[in-house]
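These are the structures in question, set out in turn.
Okay, so subunit A shows up in both of these, paired with subunit B first and subunit C after.
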Partner chain A sequence: MSKKIIFESSEGESFEVDEAVALECQTIKNMIEDDCTDGGIPLANVNSATLTKVIDYCKKHVEAAAAAEANAGDKDIYGANKDIELKTWDEEFVKVDQPLLFDLMLAANFLIIPGLLDLTCKTMMRGKTVLQIREIFHIKKDYTDAEEAEVRKENAWAFE
Partner chain B sequence: MALNFSHSHVSEKPMKITEGLSESHDGVFSADIVDVLPSDPFGMDMNNTFTAITGWLEDLQADYRQCERDEIGDGDHQLFARLSIIWNNAMRFQEFPESHWSGSLFGFEGDGSCAGSFVSPTSVDKVMSRVGESSDGGENANVHPALGFCLYHLGVKDLLSVSMVCKSLHTTVCDDSLLWKHIHISQPLNEKITDEALLRLTERAHGTMQCLRIVDCSKITEDCLRKVLERNPQVVKLGVPGCTRISIDGLVRILRDLKSAGKLKVKHLETGGLYGVTKDHYDELLDLLDIDNNVNKTIIQKPRYYHRGYTFASCDDVVRALDIEMCRKCENWRIVYDCPAEDCKGKEECRACSLCVQRCVQCGRCINGVYEETFCLEFLCSGCSKLLKLPLV
Partner chain C sequence: MEDNKKRNPNSHECNSWSELPLDLLIMVFKRLGFVDFQRAKSVCSSWLSSSRQSVPKKNHTPWLILFPEEQNNSYCKLFNPEEKERLYKTQDTGLDFSKSVCEASYGSWLLMHDLCYNLHIVNIFTNERIILPSLESQLGLTKERRTKPKNRILSCLFWIDEKTKDYVVVCSLDNLPVVYSKKVNNSWKQIPETSECLGMVYKDHMLYFLNYYGDFCIFDFYGETPQQTFQRELKVESVHSRKISSRLRIVATKLVATVTGNVLLVQKIWRSIPMTWSFLVIKVYSYSSGNLKEHQLVNSLGNESMLFDQGITVLANETNGFIANSIYFSGGDDKKDRNDLFLFNLQTHKTELMHQFDCSKFQFSRAQWFLPSFTHA
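Then we have the complex of A and B:
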């Protein structure tokens, strides 16, 4: 029976997770090492919906790592397929609406889960056009046409 | 006054070289044509000549800046540009200070707080506040805080997109050297990136770049690589797999020169199995990278399996000091692969380069007996071809 860690979301809801799962978060790992996790960890800036997702992510990745470990001596041909499976899972995982994706990003940043942070950031930004980025972050264009042309010229090599 | 000054320079010593080169190109300089030409078609050791010219251009740099301060009009710039190919090149090298200047122009305009700013990843708030307080009086004030740390997870192409979003982001992307600490160019930018573009990107690191990995960048020349490394002496990981213009001779020469200038920090080199590596090259590389051959061998390394494309997805995966070693079968210095097949594991006879042992392009196991040749003349083992065909049935 592994040790359990209790998270408390901003709404005051409690989430019990295995220590191994909690260790995925660098912030929590530090707290566990410092032995100050008794009585639950209050996460005032993570709401329940986000926390559920974060825990899902950590669980899946702990399981995947354990499975990879167990199969290490096994056929490596299928190792590649496992990777693909986890990638597909990740892709499905981030198919959420934008506010939740933002919350996940902030949570990943706060809890220091590099994989999740990377995944969410990439989902949000990868391959997006300038217009899309402006739209996502509600940024208004403050270039004059001449200035914009200048910047475009500077980066023209990459977008031709 | 500025004009006379520059004329005197042109007429002093470089005139000969200028004439020779411009004649051969019929006076017209086109970046495309030069890109297509081999770097050294007749084995005349052009690199050295170019290095000499480059050195000369660097001498000119200071003078040119002087000219710039003297506020030469655009017309004069045009005049210089037409002078010769050398001048054209000079103009190209000179673009760096200019581009910085234009970058800061955008940032500083109406936003005095940005002057000389340096954004660290911990000061994400600063980025955000800067994006917020854009010149039009805080119109973008409610930008999501997540954007700040998003930037640190983006590739080169996305960063360039971000820089075109608004002025303050342009400043951030251009000035934050931490964003450019690791430069990794692969698909889809690899075929587009030119020497000029790479130099400009690497300039943004302000000499703090630690990892440079250019994959399949067929336009990047040895001269460019040399310049980049000279300007970024902190580079620890260097990867040039599939860069067809970079030869092992050139690479060793660059590293040797950097070492003798005391500017070599490279500890991990990924050559991608350059053609024609000799024992001398290999020994020199070991020496240049400070690899103790015996230590290198005793460290248990993660097995490397043959796979389509290059094994490393990111620079974090580059753990070996040097990716080539001697293939026991052909005694050439190449990338040596391990075999993932159960019955070959750990066996020395199946550790060989891709020429000695045919491997499945999917799983990397050695192929003995049944195999299938793919459309691209690659091999698939029977297991993988079955796996791949299943969904089709």
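Then we have the complex of A and C:
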């Protein structure tokens, strides 16, 4: 029976996870090592919806790592397929709306989950033009017309 | 209040993206691939300043520039293999491409000349232009002599520093030693004993040179004038003769500098029966481990793909879609007539048309690879 860790979301909801899953978060790992996880870990800046996703992510990656280790001897045969499978899973995982993606990124940053941080940062911009990024993320262009012209001149292709 | 929050959960997130704290933005930028980085930095001023504090990943995916066919069209199309569904358009270059020839590329820069051999270097993205000194005056070529084929440009290559705009341009001309021009002297100078150029390649301030007699030399361009630092004779039979047999003919010879630190001699061979291309790859020098005792036949490029016409290799991976251990080349041997692009697989020895980069519907058939490198202003 593995040790359990209890997370508490910003709404006060409790989430029980295996210690191995919690260890995916560098921040939690440090807390576990310092032995200050008794009575649950309150995550005041992570809401339940985000936490559910974060736990999903950590679980999947713990499982994948365990499976990879079990197949270590046959890595040449199965390794590549497993990598592709996990990659596909990751791609599906981040097909979420912008606010949740944003929260996931903040949570990954706060909990220090390098893989998730990488994934969310890349997903944020992938394949979008400058104008699309502005629209999707509701970013006001704060350039003056002259500055905008300068930026466009240097990077015209990025606006197409 | 509670209700309001639930009904409009996006209201607060709407602004969050542009208000991302600087350290988080820098962190995002650090993780972006090359193309996304370039786009994201144009979004707003806070993103631009964050981008300046993070170094973009070096781009390893070459793009294709497709020159227009029709007259009076001064736009080119750009194709990024990582975004197959897209085709970008350059700014108005002010050049008539039906009268200009692209000789070489380095980073985002092209070396172009018009029909009168006026040379210039132009940046594909910013349109910045550097006019090179005239070959005609420096070499004493008259108009009449120049038009004779014996004085034509055989090949050109160049290097440019994105920041300082220091450049080195090297040209081999028929019946003359190789000439070079640097930003500092703004004229053409000859490199002694470099006639009969068969192939050359420039990498990390070194010019690798091979002539028809099989003499292979290295010139160091770090100093004011190029210094020959190495010379040996290559005993490669096919260097001396153009025809290997009645059915095999060498149609092009190149020196290629690989990303893993080798200089290769690559010969493109046309076989008349059946009508196919093949390639002979010989390692002549290793700049990481120094001189080779003798040249070696190369059977595999490992995970590299060679861009034959550009004299470089790139690392193949699943993002850029390049096929490892393959040679990418254009069908025509004349620079003005580079129609179809092919790839030759060194393992299977099969040549195929480059289908995944099919751009036929766009009416741009002259294509050249280049490896975009954006100035990091």
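Observations on the model:
The rule is simple: the second predicted complex is superposed on the first by the 150 of 160 C-alpha atoms of A that agree within 3 Å, B and C clash if a C-alpha of one lies under 4 Å from a C-alpha of the other, contacts with A are read in each partner's own complex, and residues count from 1 in each chain.
In this text, contacts are C-beta pairs under 8 Å (C-beta built on N, C-alpha and C of every residue); 3 or more make two chains touch, one makes a residue touch a chain.
In this text the structure is predicted, and so the values were computed from the model without any measurement.
On the superposed subunit A, the two partners subunit B and subunit C do not both fit; they clash. In the superposed model, A:E13 makes contact with neither subunit B nor subunit C.
Using the contact criterion defined above for the overlaid structures, shared-chain residue A:R126 touches subunit B and also reaches subunit C.
Of the two partner chains placed by superposition, subunit B and subunit C are both touched by A:F102. Remark: of the candidate stretches 117-125, 243-251 or 333-341 in subunit C, the one overlapping subunit B after superposition on chain A is 117-125. Judged by the document's definition of touching, subunit A residues 102, 105-106, 109, 117-118, 121-122, 124-130, 133-134, 137-143, 147, 151-152, 154-155, 157-160 lie at the interface with subunit B and also at the interface with subunit C.
Against subunit C, the residues of subunit A that register as touching in their complex are 98-99, 102-103, 105-106, 109, 117-118, 121-122, 124-130, 133-134, 137-143, 147, 151-160.
Residues 9-10, 13-18, 24, 27-28, 31-33, 36, 38-48, 78, 83, 86, 88-91, 125-127, 374-375, 377 of subunit C are the ones touching subunit A in the complex. In the complex of the two chains, the subunit B residues touching subunit A come out as 99, 102, 106, 131, 134-136, 139-140, 142-147, 149-150, 152-158, 160-170, 189, 192-194, 196-197, 200, 305, 340, 342, 362-363, 365, 383-384, 387. Note for the complex: subunit A touches subunit B at residues 75-77, 80, 102, 105-106, 109, 117-118, 121-122, 124-130, 133-134, 137-143, 147-148, 150-152, 154-155, 157-160.
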